[in-house]
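Each of the two complexes below includes subunit A, the first together with subunit B, the second together with subunit C.
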Partner chain A sequence: MEIISQFIVLAVIFCNFFLLYSYSPSELVKFTAIQGVLTAALPLLSSSEFEYQASAFAICVIFLKGFFFPLVLNRIIKKNVQYSNGKPHYSGAISALLYLSVFFLSVWLSARLAFETKALAWIIPASFMTIFSGLLLIILRSQTVSQIAGYMVLENGIYCFGSAVFVNQPLMVEAAILLDIFVAVFVMGMAVFHIEREFDDIDSEKLSELKEV
Partner chain B sequence: MIFFINSIAAYSSALFRELSLILTIMPAFLGLISFFLSSNSQRKRVLLTGSFFHFLITLLILSSIFYSGGLDGGQKTSLLIESFSGNAENAVFLFIVSVLFCGASWYGYWYLKLEEKTQREDEEGFILNDEPEAVFVAFMLLFLSSMTLVCFSAHMGLLWASIEATTLFSAPLIYFHRSRRSLEATWKYLVVCSVGIAIALLGTFFLSLASHKSGGSLYLKDLLSCSMYDLLWIKLSFIFLFVGYGTKMGLAPLHTWLPDAHSEAPSVVSALLSGALLNCAFLGIWKTNEIAVRAGIGDFSSSILTAFGMLTIFVSAVFILNQSEYKRALAYSSVENMGVMSLLLGFASRGDNGIYKLIFLNALGHSFIKSAMFFTAGMILMYYKTKKFFQVSNMAERSPFAASLWFAGFILLAGAPPSPLFFPKFFILKFSFMSGSYFSAFLLIFLFSLIFAGFARIFVSMVFSQNAEDERIREEKLILAPSWIFFAAASLLFFAFFYFSRGA
Partner chain C sequence: MENLRILFQILAMLALSPLLFGIINKVKAVFAGRQGRSVFKLYYDIYKLLNRGAVYSNSVTALFKIAPVAILSLTITAALIVPFGGQKGVISFPGDFIFFSYILAMSRFVLILSAMDTASSFEGMGASREAQFAVFSEPVFFMAMITLSKITGQISIYGIFSRLNPSLWVVNAPVLTLLVFSLFILMLCEAARVPFDDPETHLELTMIHEVMILDNSGPDLAYILYASSIKMWIFASFISSIILPRHSDIFWSDCLFYLAGIFLSAVAVAVTESVMARLRLLRVPHFLMAAFSVSVMAFVFQSFKG
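Here is the complex of A and B:
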């Protein structure tokens, strides 16, 4: 099982590369979903014995991240042709540079912080990397759907970190956190739908009426 | 009479757990029901009744404080707190949430009736196409439920989930008018606060790492009794939780969503955001700081709280002075008060327990005054159809009822007696002088003066400036009843505090 988990951790790291590299929102949603399913599967594989509650919870997370969220976001993307016409703000070389910076920063940070857990190798750098990638997506991408994808990537990273350090929480709290994330994506999706209808645009930079004079 | 109160308090204390569950679930249940009701008048009645019962049960629960032999947190760890003994901050913030929501539902009831009658335009001249009342009433009640859960959370994970829920349930309320500006404000609010709160979740996990030698439990009871903290992780955890909840609380430089959301939301929602929601986020910081102090990093947390408090007051002063919209000025005043509360909490972390009552006084006073001001601002917006203060003139003659409230609010908001906000500011200056921080003290005096000047410029112009075309406006008085009550309550707080702290 451990070797599969190691492969999953590596896949999570590679997903970050594709997330930072690809500009197309539909590809972003695809890689976010893949990463979400991979991070949700990690606690299942790392557990030595089968637990019904944990398995049911992981299946719910996989359903939400792998099926429901991409469904909502892809419907928004399909409704607006502007998503396929967008041009990247920066070149592939800059994306690669960003990826490398995030990678080295995460490895350095993980080495600096003393972890006394029996976590998988590379899972802590992978989770930090995912968190940083999510933040970069929110900051650097102006398309509204890409920002939602950034939020989901950030959340994938936090989830990955939580499972890496074995933060045990009551099921009620886990469910409340998951419910919050579900509602967050849903409400953001609704907001994007209204933004497209009202502004006839998908770019959050157009939302610039409210500022201090 | 005393026997009667004692009996009620005893019963409430024994039923604390059940009552707190009812208080949390009831508004959410009513909110979901209101989606399926057939008429808007029924929905409005549900809103009013729900808020009234919430207030009644809150009073019952608060009465348990008077019961001398009250439970002391229970023996086993629970997701919800089991008594207010040792949790005075939860009691105060629950009281604020409940009272404000009562006033807001009264205002909302009449506000929705007036909105039905009139067709309004936004700043760009588009006719406002309000959200259905079903959405408004349902989300108001869900918002109340999530804020109540914040006040009862006894687990850092649940506290996080409930604070995030307040963001999600209040976002559709900000977009009530469906204008471009409100949509922009909603989007910024959602993105900035959700990312901030996500950072707080990471901080919560760090907290578990910090206490892993004692089991890594996130129950507040366990965290506050933990004796072995990892210093690096507890510091990191404090920083992440502070940034996360500080974003929600509106501390500079993380406050960017706040002026937009407060100014574009309907005034009833602005009142709740400012008076109740910010306090809920502050409760998150309070609990984080409490853990930090127990872990022995009180000086570290104190320096962060005071630095950000000062920065927040500075930013609010700059923006109030240069403000052209009166609702935005009120929003920046909320930013200022959050700065004051952060500063006070920073002082309290150094060991002076007497400061906590000043924090309560500031929270209560600010919530009462600010929500009353937002209610009045809503009516001014309805009468004059503009948010620009220089386009509103001669309120004293055109709308004397609103003008009297507006000016009284200005005096109270500026912190002049009989405002309860006077004492916290006075104490901050006194503490700064006594501790030898003369530069901070003079800087604060300068910043408070700037804020006063900024407010005076806006309020005096709106109430007294003359215009040739001034006409008398037909005023709605009943809707503003909560404003008068809240102002009276705030003034009463001033005298009560003065009376009880004479000997101190």
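Here is the complex of A and C:
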């Protein structure tokens, strides 16, 4: 079972790589969903016994992150045709460098912090990396859907970190975070939809130029 | 007995390497729902070309005439370093992976020089692209070998691959997976396959490897085609030695596993080519940088673990 978990952690890291590399918002949403499903499956694999509560919660997370959020975001993308041509401000070479920097920073940070955890060897760096990738997506991408995806990636990282550090997470805390994300994506989705209908564009750079006439 | 084994290794490598391209084309044809060419097509091509005369342009120098032989001999020298079925290669010494890498670099250098010697602007363009990609592909190889060296504690190619065994996969499965991934990308690049280059197209503006050999004909072209297949064999054998490491006392059974791994790599290349389009030329270095990032990741994970 541990080997499967190790491969899942590896897949989470690969998702970060694709997230920083791809510039199409639909690809970002796809990789965010894959990463969300993978991180949700991690706590299930780490416990040796079958727990109903944890399983039900994981299924709930998989549904939200794997199906509901991508559905909302893909709807926004389909409404706005310009999204298919979205480009980042930096090239693929810079993406690779960014990725490597984020990776080194995460490994260094997890080595410095030296958590006492019985969890998998790479889960802490992977979670830091996911958090930093989410932050980079929010900062570096101009399109709002990409920024929402960044927010979700950030949450994936926090969830991954939580499942690494705490063996049994308090359900209430997890449920609260999940509810926050649910409401945030829902509200952001609606807001973006309304902005798009009003101004015909949802590039955050263009939004900054808005002024009263 | 030892000499017989070495002779078998060399002959098997020389005889079976053109089969890899045949397997790739056959699997691609099956994917496309066609019957496809014979798996022995490259053998026929090489035989046909060897029976023809070479045509040389007035603008070329002796360098262009020597280059195909030099490329083939350098590639064969590199192939002699590679272990066969877990057995020692003909050439083996500590740090031989550096020698190996630069032997291949020298063969690439000769190919680039011969392409530029034709004074054709298209071939010069291909040469420039080949040189650019080499800058990105060499660090991938070195980083992969350094990581393997760290896992096994050996500094020769034979030492590294002789220490790899199934039990290492249990402990280091993710690191080895990352290495196989980066070596696979490297193989696609070195053998000029999709998504880096498309050997089927003959449009000078987008070709890389093929455009450099447009002026070669007859036996010269046969040598270059044969050298390409040996190069592919070399990288496929690295992948095979990692994914199917086996060191029993029975030489023949080890060889069977080794060959199975090589042909599996060829099938994997064909599947990749069938499901994926060629990358835009400007994105090729990015893809190689991605492979480099993956091998760096494998190295850092291995260091972090130990």
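Note that in this section the second predicted complex is superposed on the first by the 203 of 213 C-alpha atoms of A that agree within 3 Å, B and C clash if a C-alpha of one lies under 4 Å from a C-alpha of the other, contacts with A are read in each partner's own complex, and residues count from 1 in each chain.
Note that in this section a contact is a pair of C-beta atoms (placed from the backbone, for glycine too) under 8 Å apart; a residue touches a chain by one contact, two chains touch by 3 or more.
Given the structure is predicted, the values throughout are model-derived calculations rather than measurements.
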Item to complete: Look at where subunit B and subunit C land on subunit A after superposing the complexes, then choose clash or fit.
Response: fit
Worksheet entry | Partner chain(s) touched by A:L113 [first = subunit B, second = subunit C, both, neither] | first
Worksheet item: Given the touch rule stated above, what does A:Y99 touch, subunit B (first), subunit C (second), both, or neither?
Response: second
Practice prompt. Check whether A:I131 is in contact with subunit B, with subunit C, with both or with neither, and answer first, second, both or neither.
Written response: first
Worksheet item: Regarding the shared-chain residue A:Q147, is it in contact with subunit B (first), subunit C (second), both, or neither?
Response: first
Item to complete: Would you sort A:G162 into first (subunit B), second (subunit C), both or neither based on which partner it touches?
Response: first
Discussion item. After the superposition on A, what does A:D180 contact: first (subunit B), second (subunit C), both or neither?
Written reply: first
Fill in: Which partner, subunit B or subunit C, touches more subunit A residues
B
Practice prompt. Taking the superposition as given, tell me the minimum C-alpha spacing from subunit B to subunit C, whole angstrom.
Written response: 21
Practice prompt. Spell out the part of subunit B that touches subunit A in their complex, as residue ranges.
Written response: 79, 155, 157-158, 160-162, 164-165, 167-168, 171-172, 175, 178, 180-181, 183-188, 190-191, 194-195, 198, 201-202, 205, 208-209, 212, 216, 218, 232, 236, 259-260, 263-264, 319, 322, 324
Worksheet, complete the sentence: Touching subunit C in the complex, subunit A uses residues 3, 6-7, 9-10, 13, 17, 21, 91-93, 95-97, 99-100, 103-104, 107, 111, 121-122, 125
Worksheet item: Which bits of subunit C are touching subunit A when the two form their complex?
Response: 170, 173-174, 177-178, 283, 285-287, 289-290, 292-294, 296-297, 300-301, 304-305
Practice prompt. Over in the complex, which subunit A residues touch subunit B? Could you list them?
Written response: 113-116, 131, 135, 138, 144, 147, 151, 154-155, 158, 161-162, 165-170, 172-174, 176-177, 179-180, 183-184, 187-188, 190-191, 194-195, 198-199, 204, 207-210, 212-213
